[in-house]
Amino acid sequence: MEYSPSVLGQMLFTGALMGSIYGAVAMGFSLIFGVAKIVNFAHGGVVVWVMYGVLLAARSGVAHPYVAGLVAIPLCYWIGHGVQRTLMARVSAMSDDMQIIYTFGLLLVLTYMAQFFFGPDVHYLPTSGRSVEFGGVVLQAETIIAGALALGSALALHAFLSRTWLGKAIRASADNRRGAMLIGLDVTRLSRVAMALSFALAALAGTILITVTTFYPLRAFELAVLAFVIVVLGGMDNVFASFVAGVLIGMLEALGTLIFSPSIAQMAIYALIFAVLLVRPQGLLSRQATK
Amino acid sequence: MKSTFWLPLLVVFTLMAASVPFWGSGYSINLLTQIFLFGFLAAAWNFMALTGLVSLGHAAFFGVGGYATAWIYLNGGANLVVGALTGMALAMFLAFVVYWMAFRSGLRGIYFSGLTLVLAEALRFAAINTPALGRSQGLELVSLHLPPYLLYGLTVALLLLTVAGTWWLLRSPLGYRLQAVRENEGAAEALGVHTFRVKLAATLLSAGLVAIGGALHAVLLRFVEPESDFGLSLSLNLLLGTFLGGTGTVLGPPIGILVLFGLREGIARLGELLALGSSGIYALQQVLYGAVLMLVVVALPDGLVTRVQRWWITSRGASAQTRPAAASPDSSRAAPAVRPAPPAAMSPQARLRDDSPSAANTPYLEVIDVSRSFRGITALTNVSFELCRGEILGLIGPNGAGKTTMFNVISGIFPAQRGEVRFKGERLSALAPHQVCHRGVARTFQIVQPFAALTVLENALIGALARHARIAEAREAALAALAQVDLHAKRDLPATSLTLQDRKMLEFARALATGPELILLDEVMAGLNESEKSQIADKILEIRDTGVSFLLVEHNMRAVMQLSDRIVVLDHGKVVATGLPSEIAHDPGVISVYLGRSLAHAPVSRAA
Amino acid sequence: MSTTTDPILSVEDLHVKYGLFEAVFGVSFEVGPGEAVCLLGSNGAGKSTSLRAVLGAQPIAAGRVRFLGDDVTGATAEAITARGMIYVPEGRELFPSMTVQENLELGAITREARARTRESMELACELFPILAKRRGQLAGTLSGGQQQMVAIARGLMGRPRLLMLDEPSLGLAPVVVEQVYAALGQIVGSGTPIILVEQHVHHALELCHRGYVLEGGRIVQHGSTAELAGSDRLRSAYLGVD
């Protein structure tokens, strides 16, 4: 098989950029699992609702997608705060299986409410048609912006978690919830902040996703499974690792698509996750010795 | 009892079901076939749920069954039975491989559920990509024409068989063991349950049956395709139906499916009224399903059937409260031939009355030079001691001295890294907890956790099943064990209704029911008041007199000193002293372990 | 010593239950300004439970807790910690995947404490020189003794008005216990009131001014540590021999 450098380059860059967007989706999921110990399958549903919101705003001419995103992000932050206070606080006390079932139910509700209101059709935003070319590699402007935003948010989140006191407190409560409570950290409030951040990240992910890809209500399921897959690969204890794992998955997908086909690439990824779950469930990039 | 309630219901159901072909339209027969088929599938999913694991990917086995049947029909000469059986075999093989690996790695919770999900999705993509399987279009069984009555009858038969099978399973040794594993795997293992094998058996059964369901579905619809056969919504429907009806119950799954279908039809009617269009109706149905899931988790975690049963019992119980005056004659009749604690019936102990003079002093349990560390922290260093037959040996030491680790090494939870443990001359150290139990060493746990969903008798039964393969014999042994700890009268109460003291006695009874020769008691006195403590101490002495030896870990000094024949003192993972209680209490080395060197030699103003 | 000043901490008739059973039956104790007080007793006597209940980490069934003159019965752990009652947990409870530096920073719970982080960090490193060298190390990779030092230093970062220590010698080798208690001696010497729960008696008696002996959830003896050291009640409470 011969692939010219430009083809390989195309694959690498597109894969990395798409992967960073996937990473953005996974980060919110990872954050809430680490801190509030909630497996939130409904995360994918939130992303899709934001996508519809942005779509409406863009279609009706109210706002440019990115502007709509700027509004969506703080709005979702605020919503996330409320959701933790009401729905989710009870969830963190549940056993694992109950959580999975509960948030899956929530995912169903969100996904199909979207289908009910917006219909099952595929939607997409028209692209600006602008692209950047270098060395034989062609990249859509939107893809580059999306990737940059995703990377930016990952870096910002990382900086927040590792340099601010609040961020460290959030990591601490994920690391040892009991210890955090005993030394006087307000674990309830920290969970709320984490949930709010998670929603804000979902909003960002939705905004950038809609600019680069088609979507339909059932995307929510695909995103939920994707987020899970990425977090398994990266490990649940480190949010930035989720981002890196997302990039890896994106590149694997691109590679698989190039050599075989999109769906074989998907299968290969699933096979990889399967192996990881059985051999090293705490994630390839995790620092923990055991799960 | 419960069977008298459901039995007439089942008979009525069977009669009604049998009558349908005579008056039903083609549409209603088809609908009923689908309902019964899904009821059967949900009951099959239920088998897996009995282990406590949530599978989100049962569609994997469904699809294997369906596709195998379809492919063999189209390519292998139209033999549906062969196709279905092949599908079943393939599914069971797949389940065996995947779950064997999963259970070995100890996967549970979200990781396990995620694994099942990934499995189903991977198979779905495989089907989409395989030309021989029709890619995204799937396979069509065009030339297949079976009379609808045949399929209808088949599904009804399968449903009845599976429901009956569930009823039978829940009363079989495997069924009890499954429930124990679901409640508390660690405790079950300590009581001799081979948890790995039990989990695997349940999952294989479930996978095989679901594959048959997939085969039937393929024949019913006359096509298979990736989305409907391997898709997430299928797995979700099974989960939903079983969960709504009640996981782990006999009638829960089919009733849950019935309710779901009812809700679905209801939404369909509503949607027609409001002119919503098919996609709108479908969406609304799914929203309802999701809402039901959330509601059930919050309000009805045990499912509809259990809730109804409870309501039935409490409304019956209100009228039963007028009976207390008649209680005395009734209760003596109600209690089946109460067996007084017959020591002779406890065969292992009877065997122990070996009167050879040297027997009393042969070391029974030998801990030889055991060392064990965890991630750099040394928990035990060169610990050696012996326990003679019929002895009560107390293991004491400050917090963190290594007592619990020692217990865990003996009972097989951790292996010793150096040294070994022998019981009656045979190596114990390399065995798994359930094997240790079968050798005659039972243990209790510091934090009492009875199997909450079971009655007192059923709890003891789990232990008895370690010695007796058949339920009838195990039941007798369990009753005898309960009688020994004075819990016989409470045998039919749910385990959760017991006081702390009774729960400790139940732990005891469970261990006794395994017919042990040595019992490891882990802080059995914790949390009890003085009179409760002395009652347990008396019990221990009583049971010791029937020939059982004891190794105690206790923090309550008074109790240990009074109860033990000899004492071993641990500190920082090493044995500091061994001897009689009176010696230990005044040993300066021991005193310094607790109080420090300066106080060790303080004069004792009163004689011991 | 005449106490015209109110006690820092005053606990009256504390009852604590764990679901089915009662762990603490009517325990009362207090800590005066600049005092070091110890709670002694064998395992399961109710010492740690009492401490956690006072902190607000365990529900109180009955009784009253007064801290710095205010009634804090039933307040949450974060509210009470913010007032200056800092708890060094049994078993350390550090944050294993975070560095020593980060663990220490997290101890500065209040805004005032955070403002003085650098100052507190320097003091901590003076007290435990080993910390300075290992600032960037993950807390989970430290030895037991080092972890205990980090835990105590983390507590100090909060500028405590009362420092509560729960079994600081648990699982540590005797040599390390000496080091830890030497540091505790310096803390006491600097005037910070502490309340200490210990199973290993002699260090506690050397360090503290007064002590309470618990057995079965009740106080069976209390007094100055000198009095306690000479008594048999102490020995019988631990060894069950009269």
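In order of appearance the chains are A, B and C, and numbering begins at 1 in each one.
The definition used in the following text is that contacts are C-beta pairs under 8 Å (C-beta built on N, C-alpha and C of every residue); 3 or more make two chains touch, one makes a residue touch a chain.
Quantities reported herein were computed from a predicted structural model and do not represent experimental measurements.
S.K.: Going by CA means, which chain is nearest the middle of everything shown?
M.R.: Central chain: B.
S.K.: Going by average Cα coordinates, which chain is farthest removed from chain A?
M.R.: C
S.K.: Express in whole angstrom the distance between the two chain centres, defined as the mean CA positions of chain A and chain C.
M.R.: Inter-chain centre distance comes to 43 Å.
S.K.: Cα centroid separation between chain A and chain B, in whole Å?
M.R.: So the centroids are 36 Å from each other.
S.K.: Cα centroid separation between chain B and chain C, in whole Å?
M.R.: 41
S.K.: Any idea which chain A residues touch chain C in the complex?
M.R.: 165, 168-169, 171-172, 175-176, 178-186, 237, 287-288
S.K.: State the interface residues of chain B toward chain C in the complex, per the touch definition above.
M.R.: Listed in rising order, the residues of chain B that touch chain C are 376-377, 398-400, 499-500, 523, 526-528, 530, 555-561, 572, 585-586, 590-591, 594-599, 602, 604-606, 608.
S.K.: Show which residues of chain C lie in contact with chain A when the two form their complex.
M.R.: The touching residues are 52, 55, 57, 77-78, 80-82, 86-87, 89, 93-98, 102, 105-109, 114, 138, 154-155, 158.
S.K.: Considering the complex alone, what residue numbers of chain B touch chain A?
M.R.: Counting only chain B, the residues touching chain A are 52-54, 56, 101-102, 105, 107-111, 113-115, 117-119, 121-122, 125-126, 128-129, 232, 236, 239, 243, 279-280, 282-284, 286-287, 289-294, 296-298, 301, 375.
S.K.: For the complex, give me every residue of chain A touching chain B.
M.R.: For chain A paired with chain B, touching residues are 39, 90, 94, 96-102, 104-113, 115-116, 119-120, 217, 221, 225, 228-229, 232, 261, 263-264, 266-267, 270-271, 273-274, 277-279, 281, 289, 291.
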